[in-house]
Amino acid sequence: MIVILKQKASQEEVAKLTKQLEAKGVIVNPVIGTEKSILGLVGDTTKIDPSSIEANGIVERVMKVQEPFKKANRMFHPEPTIVDVNGVKIGGNKIAMIAGPCSVESEEQITDIAKEVKDIGANFLRGGAFKPRTSPYAFQGLKYEGLELLKKARENTGLPIVTELMSPYDIETFVENVDVIQVGARNMQNFDLLKELGKIDKPILLKRGLSATIEEWLMSAEYIMAGGNENVILCERGIRTFETYTRNTLDLSAIPAVKKLSHLPVVVDPSHSAGKYWMVEPLAKAAIAVGADGLIIEVHNDPANALCDGPQSIKPNKFAKLMEELKVIAAAVGREI
Amino acid sequence: MIVILKQKASQEEVAKLTKQLEAKGVIVNPVIGTEKSILGLVGDTTKIDPSSIEANGIVERVMKVQEPFKKANRMFHPEPTIVDVNGVKIGGNKIAMIAGPCSVESEEQITDIAKEVKDIGANFLRGGAFKPRTSPYAFQGLKYEGLELLKKARENTGLPIVTELMSPYDIETFVENVDVIQVGARNMQNFDLLKELGKIDKPILLKRGLSATIEEWLMSAEYIMAGGNENVILCERGIRTFETYTRNTLDLSAIPAVKKLSHLPVVVDPSHSAGKYWMVEPLAKAAIAVGADGLIIEVHNDPANALCDGPQSIKPNKFAKLMEELKVIAAAVGREI
Amino acid sequence: MIVILKQKASQEEVAKLTKQLEAKGVIVNPVIGTEKSILGLVGDTTKIDPSSIEANGIVERVMKVQEPFKKANRMFHPEPTIVDVNGVKIGGNKIAMIAGPCSVESEEQITDIAKEVKDIGANFLRGGAFKPRTSPYAFQGLKYEGLELLKKARENTGLPIVTELMSPYDIETFVENVDVIQVGARNMQNFDLLKELGKIDKPILLKRGLSATIEEWLMSAEYIMAGGNENVILCERGIRTFETYTRNTLDLSAIPAVKKLSHLPVVVDPSHSAGKYWMVEPLAKAAIAVGADGLIIEVHNDPANALCDGPQSIKPNKFAKLMEELKVIAAAVGREI
Amino acid sequence: MIVILKQKASQEEVAKLTKQLEAKGVIVNPVIGTEKSILGLVGDTTKIDPSSIEANGIVERVMKVQEPFKKANRMFHPEPTIVDVNGVKIGGNKIAMIAGPCSVESEEQITDIAKEVKDIGANFLRGGAFKPRTSPYAFQGLKYEGLELLKKARENTGLPIVTELMSPYDIETFVENVDVIQVGARNMQNFDLLKELGKIDKPILLKRGLSATIEEWLMSAEYIMAGGNENVILCERGIRTFETYTRNTLDLSAIPAVKKLSHLPVVVDPSHSAGKYWMVEPLAKAAIAVGADGLIIEVHNDPANALCDGPQSIKPNKFAKLMEELKVIAAAVGREI
């Protein structure tokens, strides 16, 4: 950590600040410049809050040298983490394919789609039972009934189920019934929920917040891991920018960045990011090419009548064609689907 | 609502879509263009999900004409809402001054600050008991003990207390003990929490999300109001942009925008937005000048040793000076403090 | 074009506005809603400025139905444009590889790199002679001497040269000496320059502005094309977002978007977008997978001593390895390098 | 400047890098950490390009301690700069009021508006002769004829004229004919133009780029000042964010930030930022309250028929009322209009 001092700082003030910093267990190295002086802090600084130092009257600003995350940090855990979901793995050489409708609508709908995507080669079934919607008047999901339908689809196909949790009240139910618990973009910094998820050992799929930096995203993973649950899968789903043609801007450079900074697996959701079905195919290919460990793709047997996200859903036959094409891309980057 | 059709749409397809739309209770007016044709939908469209129409193969895109919020909409409620908190009002001619430390640290700290800000003229005491922190290793607040200390400060000063709720588990405790429940920026789209808050009648201070549009912010207010709780106070606290010199970019144009679109009162938090104590004064003045109904200002008696947000806190003597200056600005725009 | 009227608009006012609009050569279709009414304009609306209508007191806002670009629009030019640069093509099945240093530094440097990238398979040589730098104190390029060195490198290798123009004063020199004229991101809306470039017939590589929407980018292409020069190649090079880990956020979803909206070829610059050499490889692969027509890659024989952009440059041996890998990706999407 | 080294850097490599850095005239202070080591550079680092150091294989990243601007820096020029335009000053206690239409349309229009705003108390006349428009098909201004009309309006009123320059070809004409040369947001990083403007001594009004950081904006001022022209007036006009309700997001926190970092005067353009006439009044008040040295306000005698920017123009009578209200705000912050 680097503390940049104001020009006017007197020697006494700097000495006093130095003592305060040393009391926090770090070694302080002064570098006296002609215009600005700095203090270089050496040691474990993860527990020092930069803003508490910045509040000191002689400090201009504080710059971090080290990432603030520990458990999610590749530096302390060089091997990539492979999350095991009942034997199906996310994070290894094989790319995980998660497919299914935006929301569970009926037994027939979810079971039919589950069978189709299973036959085509998907490894996981996705489907929302609890739906976070911008409008209180929009369809909010079938809720507990939706979970039951997902379980039936799992019974029929053997596919593990991935579905979103919205309330801490439902954690026990989810632990009992689902295979991967999804935390949505809007809850990425619902710290209360993250803490609760740190206490269980069910795999967590953590979507990146709409305007979360990569560091904040990893800090949210750290919340879960600090609690004891290290089964975290990251999911890039597009960030908010000024561009309005696409629903979000898929940040594919985040994939190599996360791979460098962290050992956690990271998957990509090309359906939500673009919001347009015809973009799913090129973005899915790009995601594999850039190094993603998996994809989440919205597949619906009747997009025009889907209760949500129809415009970004593809039909099973398109998904089948896409899978064939993705296998070739995966092979081109030394991986398999 | 306007439905823009693809060029290739056949008459049969358009007729079929028209029937589907009419079945939703709206009247469909076709406007046939040379290159693109549109359908103008007349009637109550708030319950129609634009994306469900966009999923239709002949639809290029759907544009909303009307705001998707009803209860928060000024069009249906022209008079400004005044929220009454035990007799202290937010939303009328008098500007509400909410002041206090980022977090409650000790009985002495919160009581001392409360007395000082009360003497200076604040109408509310703020102070965090449950703190949303980016890092799991940072100070998370005194929690329930913090609430007890806030209550003691209220007993000593009579100031109503404003404090942040992070978990639905604590709603009952908050209803019993605090005067205004704050929903933090990171929970603005924690829809589950919003729904629970719609069931109570305690005033809610709803902070704008870090990258929430004004419409999304009002839709979050709508979530609470749709549940039956119409005591919503909006709070602008800066949005995320590319600029890094300030912590966030305070969006003061949001104040007249919200005033035009909605009848709800809106306050401004100049402390969090800038993240620098020396910006609090000019931004507070600008907020009053632009039409805010109140201010939330972080005041701490010892910023350099504050457990959080020291760099953006001002000392009581500075707050006293600021209050005097703000009174002049308030008078200049025909209001009072 | 859709004109949304204010609630309070009287019949007389609407009739008057209708007449004014009809005088501009369009047909006006009114759609009378319960709360808001609209006017649907049919005909050629590209010459109508929406803001001139919005200034009318009874108009709430105006929404465009049609894209404001004509010559760049795929609707009126369904076949993809292939730009021919002295026989080397950009926009067809073959992917164009543009490689070279950030800036021309010496005859030896540019000639050596040119030979190496040519041997490895590049189709164009890039290299800056005039450098747009944020700081007036940074190296500004070798200027005219740089152009001469580029020409020598072209003589030695036969590679057409791509280099950035900064001033209208230099257009004649560029027309005479270079093969593709690059317009940098910071000049994307230097309309004066664009107009001048519309008068020549040299191919233009138009970089997307740092925060330009896709529509604005295509409107800048339209400026050049409206002047008569239809040889425009678009270049995505990352946009500005809140994320600071990468220099810019490469917007790969812009590639399929541009392909849908326009017939112009589009290439990707993975070097500038990320600003980190180790991201060039995965992003280059993703760019091919998503459908780009070419890549611009910074290659330097001694990045640690490069006069600019060293951190994002790769060495020739890495470029050679990358080329081999890209060929496989290109084949996987049915194209060749 | 702080150089953060990679963990794997050997002592030899660090010694070699240290020598290279010392050769650039700085003193190198190593701070050896447990996980990461840094080098603190002391001396004049403004001429060292951080990216040239980052290209070194053992360097992880480089952080600047000092601002990269010199001439615009308040540290080296503590007194505020007051720009004198033929006796009318910008930057002192008196707030400069610049008013006029978006574009010059006719002799009658510009002369009438000039007289009205002069009578109301404006100090400068604005009016575009050369108009930067997103569309090549939109009205591009009366050009040289527009300049002549502005001069006539000046003759009639005595108001100095402020107008935008778009091409270096026109600099001589502007020097001869106008009083303040405006550089538009889209040309803020047209470095070629900035360099040319550094060679003259006419005052320059430099608008902030659509997505320019405060540092980049000051670096553009530095370009002009480094050339010898220190008469630079900054103008905040809103930045691009995800919010679409307003045309741009007016960044009022930039005003105190610029005042802290630089000695240059800074004015605010509330008309362009919001794009809505009814927001001009509250934003103008906020701008004065936050500390701006002046305002640029679009005033038109017939907004509904204005050739550009009608929706954000106010009529003279509204401007008169606004002036009266602004005087009160100015007095409240110890200034005058």
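We call the chains A, B, C and D, going by the order they appear; numbering starts again at 1 in every chain.
The rule is simple: contacts are C-beta pairs under 8 Å (C-beta built on N, C-alpha and C of every residue); 3 or more make two chains touch, one makes a residue touch a chain.
Everything quoted here is computed from the prediction, not taken from an experiment.
Undergrad: So which chain is farthest from subunit B, going by the mean of the CA atoms in each chain?
TA: Farthest chain from subunit B, going by C-alpha centroids: C.
Undergrad: Considering B-D alongside B-C, which chain pair is linked by more C-beta pairs in contact?
TA: Pair with more contacting C-beta pairs, B-C versus B-D: B-D.
Undergrad: In whole angstrom, what separates the CA-based centres of subunit B and subunit C?
TA: For subunit B versus subunit C, the centre distance works out to 39 Å.
Undergrad: Based only on mean CA positions, could you tell me how far subunit C sits from subunit D in angstrom?
TA: 26
Undergrad: Approximately how many whole Å separate the CA-defined centres of subunit B and subunit D?
TA: Going by mean C-alpha positions, subunit B sits 31 Å from subunit D.
Undergrad: What residues in subunit B touch two or more of the other chains?
TA: 211, 240-242, 244
Undergrad: Give the list of subunit C residues in touch with subunit D in this complex.
TA: 46-47, 49, 51-52, 54-57, 68, 130, 132-139, 166-169, 186-187, 189-192, 195, 210-211, 216, 219, 222-223, 226-227, 240, 275, 303-311, 313
Undergrad: Touching subunit A in the complex: which residues of subunit C?
TA: Per the touch definition, subunit C meets subunit A at residues 211, 213-215, 239, 241-246, 249-257, 260, 273-274, 278-279, 282-283, 285-291, 325, 328-329, 331-333.
Undergrad: Of all residues in subunit A, which touch subunit D in the complex?
TA: Of all residues in subunit A, those touching subunit D are 2, 4, 7, 29, 31-36, 38, 40, 42-44, 63, 65-66, 75, 211, 240-242, 244.
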